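Here's a structure for you.
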Amino acid sequence: MLLKMEGISKNYGDVQANRQIDYDLKPGEVHAIVGENGAGKTTLMRILYGMEQPSSGTIRIRGREAHFADPKDAIRHGIGMVHQHFMLFQNFTVAENIVIGQEPGKLRFDRKAAIARVEALSEQYGIRVDPRARIVDCPLGVQQRVEILKVLYQGAEIIILDEPTGVLTPLEVGELLEAIRTLTKQGKSFILISHKLNEVMSAADRITVLRDGEVTGVLETSRTSVEELSRLMVGRPLAAMDKQPASPKEKVLEVRELSVFGSGSKPAVDAVSLHVRAGEIVGIAGISGNGQSELLQAISGLTKPAQGTVSLLGTDVTGKSAREFRNAGLAHIPEDRYVWGANKAATVAETGTMGHQRKLSKLGFLQGRAVKARVSDWIKQYAIKAGSPDNETQNLSGGNLQKLIVAREIAQRTPFLIAAEPTRGVDIGAMETIHEQLLRKRDDGGAILLVSSELSEILKLSDRILVMYEGRIVGELQEGEATEEKLSLLMVGGKRNG
Amino acid sequence: MEQLFDLALFNSALRMLTPILLAALGGALCARVGLFNVGLEGLMLIGAFSAIVGNHYFGSTGAAIAFSIGCVSLFALLFAYLCIHLRANVIVVGIAMNLLAAGLTTFSLRTLFDVKGAYYNKDMVGLPKWDIPLIKEIPVVGDILSGHSPLVYLAIVLVAAMWFYFYRTIGGFRFLAAGDNPLAARSLGIQVRRYQYGAMLACGVLCALAGAQLSLGQVTMFTEGMTAGRGFIALVATMLGQSGPLGVAAASLLFGLMDAFSIRLQGLAMPSHFTQMVPYAVTIAAMFFFKNKEFVKDAQSSGTSSR
Amino acid sequence: ACGSKDNNNAQGSPSASPSNSGAPSESAPASPAKAYKIALVTPEPIGVNPFFQLMDEGLKKAGQEFGVEFKTIESSDPASIEQNLQSAAAGDFDLIITSTFQMEDALKKIAPQYPDKSFAIIDTVVDLPNVRSVAFREHEAAYLLGAAAALVSKSGTIGNVVAVDIPLMKKYTGGFEQGAKSVNPDIKVLVNYVGGFTDPAKAKELALLQNSQGADFVAGMSAVGDLGVFEAAAEKGFYTSGQDTDNTDGKQVILAQLKGTDAVVYETVKDFVEGSFSFDVRDYGLKEGGVGLTYVNKDGKSPLNEAISQEAIDKLKQINDDIVAGKIVVDDSLQ
Amino acid sequence: MDRWKKLAASLPGPAAAIALGLLAGSIAIAIAGGSILETYAEMWKGAFGSFYFLTSTLNRATPVILVGLGAAVAFRSGFFNLGAQGQMALGGLAAALTALYVPGPGWFVAIVSMLVGIAAGGLWSAFAGYMDARFRVNLLITTLLLNYIATLFASYMVAYPFKDKTGSAAMAQSQMLDNAIWLPKLFKGMPAHVGLLLALAAMVALYVYLTRTVSGYEARMMGGNPLFAVYGGVRRTPLMLGVMFASGGLAGLAGAGEVLGSQYRYIDNAFVAADFAWTGIMAALLANAHPIGTAIAAFFLVALQTGGMGVEMNTDVPLEIGDVIQAVLILFITVKFVRGFRRRRKEGDPNGAAV
């Protein structure tokens, strides 16, 4: 046995994040961990990586007990971790980010050698990156690759991937899974955490299921199914979703010839025109980094476009502030819940108030009770594990925060809703809830613009699908005609031919 | 006009900016690891005082500077311990440190030398003035660059050294990394705290040098409050120079030149109040060229989460 | 009825009230029946200001000599002046000496509340029945200094380095310039302000600058910054002068403009103890010897530097006499 | 009620810190050769020993509280205003000049003067905000630099055009205000004046503003995560200008209060020498910019100062050692104060750097 964790428990005050967890890993194996948001997956991995100390339990590497006081110890024992939230130095180059900790050179940092090594590494594992690019300028998919290369560079034997596919396109996911397969052949072992059960099924040899900090099952992949896994995770079977055909009405959002400057010389958004009608969900598919973020920011008032117009329900709101967009009828589930969607230090109630503050006010005073009552309602309705509304936002697990944000934005009751990556990093139970709510909103006559790098999500929810590539809309497909293959092709710049 | 620009202007500017530059380099080190050090003034004052004490007791400028470095380092360590280990607010500790320095130097002046206000001794020898062999011969440049105290040259060397450290060495690379994203640095096992301590300690050393340049280089005496706000100017230089060695040097130079320039403006009809504003006004004007990042970008890149 | 006056009576003429004293018949002249308590409240920390240092010394000297209890209370900042004065007045001090115009407001407020207490204020005038005021005519001494500088200068340019541009300093710079021009109407007088009281490094730079602009005599008027001016003078070999105390060194610092605040405090305490204290205004100029210039109307502690000829000193003495006689009127730039 | 429990749980910390601070102070006193107990007793007396001293402490706390509240409202909104010194100077100067030259009944002139003081400080501060919002010029640096410009300007005004030429005319100060304009004292013959009530009212108002109003909510969210606020429809520039105006306005009011209620004229350098501005900023930081906490911290810091005055007056411990004790106490107490108030952050943010 390469790795054996026995009886691991971890308490944060009253919260028992891990209870008596046993987990093991063989050489060359992929052993996945699945579980709901907040089930304790990340915590277990942080313990293994030396970032947290277990309250009790032991870790053995190749049979010998090991204590990791900090990540350095873990790295020395051949453990590498790709964090759920990237641990990258934004202002440094790709190469610098990869070699940090084991830089070439003695005292002097030999950057040339670093670049060479990164290029070699990239070659060896077939993971493409530009070593000279700065991280801030890299799309998330590339950042993910940098993280993996970093771990490989450190010579890890055990590689922890905490939700690695959250930001990847199907193509990239495929590449990643392929890379995992290659690497396992070379003797590396993987711990894979994911909410995407089909990926887990295709990549993993064994699967451990966690619920509320406890192991509820250790399964051989060959002898289990997605259904069994989800039952073990959520504790109940998932209902099948039924989607009625859409009945689109008047245009709610109308975008004409919109262009947005990018960081380089090319415009990030290049003369995009689109519209969304009441009662339909329009999906935008595309590999992340092809201008979706900039497009969304421009049609939610967060950046000013260089050219073109945006109108909401006939009102021209081009270049106006987010306030005016919201007044004109916008609600917005942002793509990054921590950057745009929440104030980590604020309470759950406060994070939940945003956008409602003016509606829930009298003479400029906030109706504190009404706010709390509303947030409490959402907590119940969406089954958000938030404790009380007075809890700090940062204590919510990512999935629960996401549910809070979705609840908040749907409750704005606006004619138009942007839903960007609405289920990123969210467990299947929560995903189900969020999808249901989006559909209900559509059925109530809402216009929804859905942006997702998750093709299955796009396909499942959209009534009409636009594909973005290099800042342009390169294709439009109706619900019936869209397939994963067609979309994938368009997403990488392929021509659409029937 | 000839009254405004003469050789002495540059010569004097170089001398005057040295303490500011040294302290600002220290400030930059701290700023790079997330410690906004408003205590530069106090550390510099302690440096100036202990340099004189050292000189008095050991009778050598070398020993004096060593003594000064030792003393200021102690305070810097205390500073670091409070902020890093005990997680006190950096700014509050900085302000308190300034207060402590003012009180302590005045009090010690009284107890050690039995004088109030100033300690001045004709027999005390200050830092030598170095004539730089080759440079000295060059007509204009020689007059400007030659004949300063060793610390002036050291300051210039330190700018280069810091640049080299930051951008060419592994240690400096990790140092910058620890400041750029402490969470990520810790996840790699980089001891962020160690770098923070190191920065604070180095800042102490630099402030000691800055103080020594003031009390042994520019003059040879200690007077109460003789830093006269230079620590705060250094802080501004740190920020204006965006905590990079070259930027800080440029900012200090700008400030030193403007200061020397403003003195010369005094001769002309303007009241001294307005001439004294010149360096500050020019600094603000300079900032129109070194803009902040747009707050959106800034907030985005400082957000630890990238998803 | 002033408490101090009663005391004065009781002690000024011990035999006049024999019934009053069961104490030893022969009391030593300098030890009164009751030890007086005298406070000196300064408007700012004594710190770098020779003016306050001198007052403190004057008080110490008088206190020891006359056997009174004394205490110096330094105010940390203007906002604490009133509290300090108030506490001193409310305490058991018999005489409270304060100083400078900075204390005027507070004294005007507090002195009337304590009509039985005696106050003295030095360096400005407060017209109240229980306050003695002592004023100085520094501009007269500055005039002498300016004249002396003009006599010493060979280049025809002199300078002065001044702490900050506040009205008070006009008394000095104005007198200085007037005096210099009286000797040499074409003389150029440079003035530079340090912008603070505690910055010898900058004062030094200013002195160096003035020297480079041709000044061969630079008067220091920048509190502790003067030490920087002196250093510049020593380095470049020009001449300079100091303020308040005699800081002549016989080499570069060849003159000192004096202001006898120590003597004034001493006198005040003496008067009080000896019963000759009165609540009036004392004005000290060259005539009264309260201000002056070394070698002219005061001695210098170092021998006269050869940069100043005896001839020049004689001329200056003449000017001094003319001022005393009222033949020369020095403008007080403040009025 | 959870909050109270939390507060109670955080109390032993500060208590231990104060004890440690006092211990460290004892060492300083012992070195200075004073009696420790006596020194602390005098310190206590100097701050609270009599009604006079208590009101004197309150009087001195008045501008510090106002400055602190000003700093707090800016910090809460994520804007770092280090310019209280200049804003206060301009506020004081403007109030003094208004009081001198505007005709009318005393109470009216007093109110107008205060409003003008607020406007002066507020506009100066908003100017820095404007430069940041419009031209992206770093607020931290501008506020710091504008201090110098404002104080020099105020010095000039009272050294030249508006110098008091009555009396000795030796000071850079404005004329004395007519006593009809003086703010009434709270207790006859005691230093504290009506400004204290204004400061307390400002504290309550700020508390209500931050916790109860829509705009206060938006300001706090802006402070926590500006992107979140902007996303949610908060307009950054107007908010920034408004908050900076309020922040500087409070500092301006502090200056005006000192002029109208305490010094009765604008005296050059008086505010700087008393260090009102930095003490106020320190109070705001100590209390994590909580309005009530800020006022308490301000009072506490000022009590250390007036206590130091008591020590200087009644013992042989020299003035400077008072500063040392003060600094030592602050250093130690800061630690626990901050730790007590601060809730633990995920992974520990970079060492509480406030910037």
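For reference, chains read A, B, C and D in written order, and residue numbers begin at 1 within each chain.
In this text, a contact is a pair of C-beta atoms (placed from the backbone, for glycine too) under 8 Å apart; a residue touches a chain by one contact, two chains touch by 3 or more.
What you are looking at is a predicted structure, and each value in this text was computed from that prediction instead of being measured.
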(request) Name the chain whose C-alpha centroid is most distant from the C-alpha centroid of chain A. (result) C
(request) Quick one: report the Å distance separating chain A from chain C, using the average Cα coordinate of each chain. (result) 77
(request) For chain A and chain B, let me know how many angstrom lie between their CA-based centres, rounded off. (result) 45
(request) Could you tell me the distance, in whole angstrom, between the mean C-alpha positions of chain C and chain D? (result) 36
(request) Provide the list of chain B residues touching at least two other chains, using ranges where the numbers run on. (result) 106, 183, 186, 271, 273, 276, 296, 299-300, 303
(request) For chain A, jot down the residues that touch at least 2 other chains. (result) 302, 339
(request) Scan chain C for residues touching two or more other chains and write them down. (result) 45, 164-165
(message) Under the stated touch criterion, can you name all the chain pairs that qualify?
(response) A-B, A-D, B-C, B-D, C-D
(message) Show me the residue ranges of chain B that touch chain A in the complex, using the header's touch definition.
(response) 168-174, 176-177, 180-181, 183-190, 296, 299-301, 303-307
(message) For the complex, give me every residue of chain A touching chain D.
(response) 300, 302, 321-323, 325-327, 332, 334, 339-346, 350-351, 353-355, 357-358, 361, 364-366, 368, 390, 392, 394
(message) Touching residues of chain C toward chain D in the complex: what are they?
(response) 44-45, 73-80, 82-84, 86-88, 90, 100-102, 104-105, 113, 124-125, 135, 164-168, 171, 334-335
(message) If we count contacts the way the header does, which residues on chain C are in touch with chain B in the complex?
(response) 45-50, 53, 164-165, 190-193, 195-196, 198-202, 204-206, 208-209, 212-213, 224, 227-228, 231, 249
(message) Using the touch definition from the top, list the residues of chain B that touch chain C in their complex.
(response) 3, 6, 8, 12, 15-16, 19, 106, 116-118, 120, 122, 214, 218-221, 223-226, 228-229, 260, 263-264, 266-267, 271-273, 276
